[in-house]
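Handing you this structure, nothing more for now.
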Amino acid sequence: MTVRPISVKLVVQVLRGVAQVDFMPSAVCGLFFVAALFAAGWQYGLYGLLGSAVATAAGYGLRLRRDAVETGLTGYNGCLVALGCAVFLGPGHLATVVVAVLGAVVSVVVTAGLGALLEGRGLPALTAPFCLVATAVTVAAPGFRRLWPADAGPAALPVAASGGTGLGWDQFWRGFFANVGQVFFLPQWYVGLLFLAGLFAASRLAGLMACVGSATALLTARVFGAPAEAVEQGLLGYCGVLVALALCGVFVAPDGWSAAYAVLGAAAATVLTPALGAVTAPFGGHAFTWPFVLTTLLFLAAVPAIPRLRRI
Amino acid sequence: MTVRPISVKLVVQVLRGVAQVDFMPSAVCGLFFVAALFAAGWQYGLYGLLGSAVATAAGYGLRLRRDAVETGLTGYNGCLVALGCAVFLGPGHLATVVVAVLGAVVSVVVTAGLGALLEGRGLPALTAPFCLVATAVTVAAPGFRRLWPADAGPAALPVAASGGTGLGWDQFWRGFFANVGQVFFLPQWYVGLLFLAGLFAASRLAGLMACVGSATALLTARVFGAPAEAVEQGLLGYCGVLVALALCGVFVAPDGWSAAYAVLGAAAATVLTPALGAVTAPFGGHAFTWPFVLTTLLFLAAVPAIPRLRRI
Amino acid sequence: MTVRPISVKLVVQVLRGVAQVDFMPSAVCGLFFVAALFAAGWQYGLYGLLGSAVATAAGYGLRLRRDAVETGLTGYNGCLVALGCAVFLGPGHLATVVVAVLGAVVSVVVTAGLGALLEGRGLPALTAPFCLVATAVTVAAPGFRRLWPADAGPAALPVAASGGTGLGWDQFWRGFFANVGQVFFLPQWYVGLLFLAGLFAASRLAGLMACVGSATALLTARVFGAPAEAVEQGLLGYCGVLVALALCGVFVAPDGWSAAYAVLGAAAATVLTPALGAVTAPFGGHAFTWPFVLTTLLFLAAVPAIPRLRRI
């Protein structure tokens, strides 16, 4: 009966790996997140757990620092990589499982490498390892016949937005929740609601800042005239959610100044999101959470120069 | 009557912000530059001043280091960001003003962030903050219906150059001055002449090196056969001007060796300019001063390894 | 008769410059490599020697550190830059010679600059200077009428792979050697065999790891279904060869763990190679050895965090 505590401990670490996508070292939050993934599709739930588990196991295999592995910091990039493979390559192919496992293992090495490069600057790797691996896999996929679904479209040049920009009340509140769910590539409003519930379960401030980030993104998208359909699916706001979390409470001490800083950052990330969509479109890539990574790294690097803000 | 010295001081700092685009901490030089902007169009003058003023104010609001704000180092990226918004999105829309102000504020944060990252290496941020923000805004613009003028063309693949490559005397001297003006996106030779006059007003060496950089770029473009029309508009040489300034007099002690180094760097930047035009074309971007930033950062990073050169 | 030892010393350094493309500070290895270049075409041999010689001379001219110049570390990027100009712009034009010489000189500055930036991290510049300069030149070339051969195709969007993926025995062994030769852009199997012989002549471990990297790349390409024709020409595997060399023996102490690490890295680089082909396709670029550089830098940066591995 000594096996059980160990396996419970491992389950807790895998769940924390899922929750760390939103910076929460909390297994309860991870449970909500996994429930949200299964609500969107059982394959997504399985791939998310698989990625976190493989990456956590790789962390043990490579004997990485224990505290990072145990708080889920080794698992979250693997979780996103595997989930991204399922969403963008189709969950039902054997080659997708193989590349998801390989990608999750590589994401652990990339996390350690980027972590070492950024540590000297006092900066976190955020989801940059996921962005790197997922960009590599999805852009490479058309070059491999077993990875690329036959009905997937080819790469294309970006085109100017069309369609209405007026946001009705229905589109507004759906977009508000979808912004939270699109962090995991999922557009359904009720999935986003489950993720938000998980955030509130882990930390009231985190839940609140996710709401602030989502609202800032909606407002920015509205002011500059983003197409309402994309806003409703959360495609403009998922990076704003993550930026707001990171810049007020997670990496910067929460107060009025950092809240304002988080709003500025969320607005910047909302403009940056279609920019990275356009940059990656010609080679068949996706924006992923690159806008969040770039905005947050630069805003965090500036914190020591701004006496009004304090790093945690 | 105590208000007046303060407002004069602020005007001086805003003018220095404009002059620092060409590394000059000189309000007189800034006056020439603002005159050049107004000569090209009153809206350009206003946007340039707006950007420098907003960024300088943001520097005070965030309580950044006083000496940086006062010498114009906080304002020059904001000046370029706002001017770039006017040139590429059209000056006459309310959304352009909003995004120019937002971009100028974000450029201050990015300048502080990049500055902190590069400071440890002894490297300056140059116009990288402007390049980042302007690339983000112009590439994102087609995704926002209020930002994108209806008659703007879509993104396109780069095509091979066509047209004659022989440079007549008229094209040569117009290109010579246009190279200086294109640092601010302006192709008119007389505008470039005003910028050059401002440089000479601030520093004879700076004016001379701008001429050396412009001539090197013209020669390089001629040798490899760049289209004469683009050369005449200064599209091949504006980065060469900035590189030559940076590598002989501004960041490297001026002597024969650093002059030769500046010529090599200006030639390299001239080849890099159409390369970055091609890289950014498929997603609707522009080369901006990326070729100058990349060339100068690498050439400056190499200086400590080259005993013949000495950093200032 | 005192001139002769000096000129022999210089020849040795130029040959080491060629050999350092594969990390070997060995003139004998360089002789094999030069023979391989001449076997593919006498112009390739001349351009390779020219690039190494110009870069080595520039290293002396700039008074760079003696040990780096003498072991060939100043020359290998210049060798690749000049060879790349010959392969991608056509060897028979005067402008190609001029840009090859200019590029080789610039590669020395870029090597010094990147070296200084990465040194603090304990990371080598690898072939990043070559990748930067060669990408700049080949992407800029269509913008210069004297650099761009009239019959060269325009830039195009990447398309999904087609053609069979089954590897016959003939394609397998040809691909196995071609992977080694494509490091120098050469697809002939016998040229790759000569390069491999040079590696074994310099170090038995290096020859062995080149074989391991090549085999790993073939296996990865086969599992995910890369087109057999590209595999046969070594287009999927040249980065795997370099990654395996770097991660077991050159920069990481050779043992079972680093061999496994090298296999993981070679597999990752094999997936990354068509990704970078797609990323660079829309602007007319090439993957060059970017996949090797990116994979190796991140895997090397992670080494200090992995107690099972030890940097050399």
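As written, the chain order gives the labels A, B and C, with residue 1 at the start of each chain.
We take it that a residue touches a chain if its C-beta (ideal position, glycine included) is under 8 Å from a C-beta of that chain, and two chains touch if they have at least 3 such contacts.
In this text, all values refer to a predicted model and were calculated from it rather than measured experimentally.
Student: Please report the smallest number of touch steps linking chain A to chain C.
Tutor: 1
Student: Would the interface of chain A with chain B count as same or different, where same needs over half of all numbers used to appear in both copies?
Tutor: Mostly different residues.
Student: Would you mind reporting the rotation angle for the C-alpha fit of chain B onto chain C, rounded to the nearest 5 degrees?
Tutor: It is a rotation of 120 degrees, to the nearest 5.
Student: Where the centres are mean C-alpha positions, what is the separation of chain A from chain B, in Å?
Tutor: Distance between chain centres, rounded to whole Å: 35 Å.
Student: Which residues of chain A are in contact with two or more other chains?
Tutor: 157, 282
Student: Looking at the complex, which residues from chain B come into contact with chain C?
Tutor: Going through chain B, the ones touching chain C are 121, 157-162, 165, 221, 223-227, 264, 267-268, 271-275, 277-282, 297-302, 304-308.
Student: Within the complex, which stretch of chain C touches chain B?
Tutor: 62-65, 95, 98-99, 102, 105-106, 109-110, 112-117, 120, 132, 135-137, 139-140, 142-148, 152, 154-157, 282-285
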